[in-house]
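Take a look at the structures listed below.
You will see chain A twice below: alongside chain B first, and alongside chain C after that.
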Partner chain A sequence: MTTLEKVPQRSLYRPTPNLDVLRVPLLGRVLRWRWGRLVFQLVLLLAAIWVIYDGWTGPQLAPANSATVLAWVHYRGLVILALLLVGNLFCFACPFTLPRTLARKLSVHGRRFPRFLRNKWVSIAGVLLIFWLYEWLDLWASPWLTAWLALAYFVGAFALEAIFTESPFCKYVCPLGAFNFVHSMASPLQITARDAAICHTCVGKECINGSSTVPGCGTELFVPQIDSNMDCTLCLDCARACPFDNVALTPRRPWSELYQSGWRPRWDLVMLVVGIAFLGLVNAFGMVPPVYALQTWLASAWGISNVALQTLLVLVAGALLLPALLTVTVAELSRRLSGRLEQRRAIAAAYAPAFVPMSLGIWLAHYGFHLAIGGLSIIPVTHSFLLDHGIAWFGSQPNWELSFLLPNGWILPLQVAAVLGGFGLSLYVLTRSALRRNPIPVSALREMLPWALMVVALAMVALSIFNLPMEMRGTILGGAP
Partner chain B sequence: MSRAIRLVAVLMLGLAALAPPMSAHAEGPGIGGRRVRLDGEIAGPFRVRVVTSPTPVVVETLYLEVRVEDVSTGEVLTDAVVMTRAIALEGQGASLEAEATHDIAPIPTEYASHLPVPATGVWQIEVEIEHALGRGTVSFRERVTSPSSLGGVLSVGLPIAGFALLIVVFLWLQRTSPR
Partner chain C sequence: MGMQRIGHSMRASALRVTLLALLILASGIACTRQNSLRDEAPEIQAELLVLPLTPQVGPAQISVRLSDTSGALVRDAVLELKGDMTHPGMTPALAEALERPDGLYVASMEWSMAGDWILTLQGKLSDGRTLVRQYAITVLGPEAGSRDR
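What follows is the complex of A and B.
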């Protein structure tokens, strides 16, 4: 085994702020305006109130209720498109953090989130919990439970904001935030300092500490040191608080962070990224017919007929144990093939970001499918909601034929394109990461080979799952394809 | 190292074993994409809602869920006889008929049936209701499609081709890199 003398040091990746979205006429002013975020949050707050109200009082048929249609078709499809095309827009307009001001007034200031929980393990548990509840309780089919889930988010965010000084809900707990953080690493926008020298001489560090009128970064990111979109909610409080107007929201090459930015060797970050990619497969697998064969087998071979337990087993095995086992094994293999005397978690941290494009492709193929099939369904659902409340502005009969955003024949090719696009970009990121660590191509290939095989396996399984007829849960479908 | 390689190989094969597309069968009404086809439709003394699944409807898998209300009182009627029919308007498929019952209905007060439409094309779906209050019929058209698939060879072959391309790129880089 050979040992390389020099291990590449962690570097800061920052895009050059050639173009600043915060200086685009009108849009920039709105975004930097003190209440700019609030406007967008209020829009989503109204949507959340509608979800909760209709979920509790409306028809308990999923495809006819805005709670299930908005939450499971539109939110999921739009959030993944936003991450791909712009950035973490949902966290930017997140309504769950709106009661923050009230919570902070009620809070016992000074208490920090427990140190042992300041990592991504709670987020990983939260993501698994949400998906377990989703599959076990068929949340997609229950407007009533979907409404309760939305309310639970408000209560959770409020409680944690009231108890702790920073924003632990966003950074350490929120499953939606964890999903968005991971995929925003491949987004085309990033916060950065316009001039690092100004930050160097800044005394107040208002971007993180806050000013007299604007809070500092809730997830405690210091602008000149931001080298990743991980943990950035895009709230833009840093830009509003900066007394020197030195914060920029700038375009970058979407995938560059994944191979240019060195991660701290942390298993929690690695498992969050790899686990969410695998979860994409498990979630899609839960919607295709073979899952019923698996459930039957669990019942007959192991006597496990309880659906909650069955779902938990599939989820933990597929989205936690399998990726964990594979990641550790592949990291060890990679280490041995390269001959490096490096910790497994350090190698894993170097290559785990390459799973982000693959994950994005899988989730886009899945959530994009639902949006493509049921995107227009919100029109008759809204119409029906208005009619139920005595408002007949648009006639007395909803047009239930409206549903498809795209022709049915386009959907499988687009799903395949999403998976293959993610797969290709993952291989590209792996290649760049490997060549960055190993200047000699053959050495780089040896080190990245196990990771590339893991990505190949993911792509094969993803393509096979999307080949199967996927359940179209919680949507209205009317127009003939 | 050989043990580690074997372990990885077994895991990879395990994953790859999932890859060939498996035959798919819907497991009942409501499990697939439900689609409200008729809502508040008046049929004689009844107000009817019809939901289909899955989506898109493919050969052999059309489920219907029918909700029947007394149009004058709004009461949900659970003691009606509900017959469902599929009549081919194009293509060669033979017509089908099945009684919708509570047995397989996801919502217990509704009626559900399975119509295994045998061919692609446009089908006329009819729902006939018989009850002490009278009789009523509603109908709509449904397009039945064939399942689309990338195919097992491509599902496995495309990622392998990508991997092979990666190896070629590295070999080329190795050949062209300064020694």
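What follows is the complex of A and C.
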């Protein structure tokens, strides 16, 4: 018999601020300083300028150019490590938002981002667009195109800031931000109010409205209501704007948000999380031999030989349609097994966060691989860059053999550990979510079973892909026209 | 208010001047850039023979034949080969091509991974000029056999 059960009301997930990173001597002062973020942004701005400059003027051989090495080896590897170990550090230090002040001065104030676009569908489209361009144009093999991509990010952020009043680029558009938001849900740091009672009596709500000197939260998060790292760029403007010094950046159990926070039942959020996990597989699949067999099959069986169309089909099928179909089917199965009269999207929203650890494991195994085998390659690339400018401080011959950051024999075991670790945590989160919704263990098991099978399938496919030999194709001698 | 406006205007001017100076500086730096891989002997013909003829993951032998415009062999050059994958961050394959008595330069290399490689031939000719050439090579996986590419 099906019964209309009431889902237990979830309280806001707020970690207890026992330790506040913003009060750690020196570090806390730097972070809370009005220009604290700018210092870190300038570091990444210099890196971005280097990427653009070298991409346009340097050698068009991807392993010998800092544009491709920094963007596709270091940025990707370090961003996933930062998310795992600390938090959304790369949004914190994002240089693309630096022209914001200028853009705001030029902006026609008062226009808000269109209501129908205030969701994650644009981000999902943006993520797919970036990965489609990456696979189709072999962006990793082209310093020149990589430089243009970096510039496009600056232009995109600037334009949206100039047109709209809030920060729609970060919250609704940026594909990198969307990736970071999803995985920061498993990060060990979160913004919270030191004392919620102070917020209740606060009149100005400067953390969201801004003060006379510091802007409020660009993504419109209100500190006492923050129960998730989703949409938090860790800019710390809230901490700087708060007149009561009541904002804390506090450690938490990294995965606790995934079963404790109350997600609104939104398909866009569900698809962002599940889709990015599947995208991790599709992206890794693009680097192993079966992808070429698939392309051959598409050409022979369907007559689709255009590479742009082939990659679009594989991406849309693997990272959008398949996860969408599976999520809806699994939500329906979960609903039937549990006997709940609940909307599918509500069940999906309850269990989708459990895909974050699995996704983190897959991306860590992939991007960590590139960082592990190529982390030191920036040394000869920098050496060569200096030589190109007549600077021979470190000799006249770059040591191109410098590459591996970790011994080769460690890499596959670490990849397997990353996938299995993500898998184990996903199962744990599924279990906790199920038990939270169903106090009776048997009911909880029935409801979570379809989701667990989906996670098992993801882990098995991931392990299969990472066990295949890699094969990297790219635009040979390509890049600049 | 007036003083504030003047201060603001001065800061804005200073920002514009700084940006302009940085732009000029960057342009200047860009103009002075010289690619260290610059071919100074475009008339020299470099023919490459890669064995096995269908490159596969594993050891490979690469022979280079240098000839001038008259077709005569170019001897006494010091040649190096560097194989890069198209993806950044991959360890390159490096080898020195040694001159044999018959005038061919021969090197042994190891293709570590299947995929697209860029083989860069770089060397010094006996007259001191630098020779640089690049070749695109697709390496098959060990299990690929005679897979049609």
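In this section, the second predicted complex is superposed on the first by the 466 of 481 C-alpha atoms of A that agree within 3 Å, B and C clash if a C-alpha of one lies under 4 Å from a C-alpha of the other, contacts with A are read in each partner's own complex, and residues count from 1 in each chain.
Quick note on the criterion: a residue touches a chain if its C-beta (ideal position, glycine included) is under 8 Å from a C-beta of that chain, and two chains touch if they have at least 3 such contacts.
Keep in mind it's a predicted model, so treat the numbers as computed, not measured.
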| item | value |
| --- | --- |
| Clash or fit, chain B versus chain C on superposed chain A | clash |
| Partner chain in contact with A:400 - chain B first, chain C second, else both or neither | both |
| Chain B versus chain C as contact partner of A:78, first or second or both or neither | neither |
| Partner chain in contact with A:63 - chain B first, chain C second, else both or neither | both |
| Partner chain in contact with A:461 - chain B first, chain C second, else both or neither | first |
| Partner chain(s) touched by A:409 [first = chain B, second = chain C, both, neither] | first |
| Partner chain(s) touched by A:21 [first = chain B, second = chain C, both, neither] | neither |
| Touching partner for A:202 - first (chain B), second (chain C), both, neither | neither |
| Chain C versus chain B, contacts on chain A by residue | B |
| Which of chain B and chain C A:44 touches, first, second, both or neither | neither |
| Which of chain B and chain C A:390 touches, first, second, both or neither | second |
| Stretch of chain C, among 6-14, 24-32 or 132-140, that runs into chain B once the two complexes are superposed | 132-140 |
| Common interface positions of chain A, toward chain B and toward chain C | 61-64, 141, 289, 373-374, 384, 400, 403, 469, 471-477 |
| Contact footprint of chain A on chain B as seen in their complex | 1, 4-5, 7-8, 11-12, 15-16, 18-22, 24-27, 30-40, 51-56, 58, 106-107, 122, 141-143, 145, 147-152, 154-156, 158-160, 162-163, 166-167, 169-171, 173-174, 177 |
| Chain A residues within the chain C interface of the complex | 49, 53, 57-59, 61-65, 68-69, 72-73, 138, 140-141, 289, 370-371, 373-375, 377, 384, 387-390, 400-401, 403-404, 469-477 |
| Chain B-facing residues of chain A, complex | 61-64, 141, 288-290, 292-293, 322, 325-326, 329-330, 332-333, 336, 373-374, 380, 384, 397-398, 400, 403, 408-409, 412, 416, 420, 423-424, 427, 431, 435, 440-442, 444-445, 450, 452-454, 456-461, 463-469, 471-478, 480-481 |
| Touch list for chain C against partner chain A, complex | 26, 29-30, 32-37, 57, 82, 84-92, 94, 113-116, 118, 120, 134, 136, 138, 141-144 |
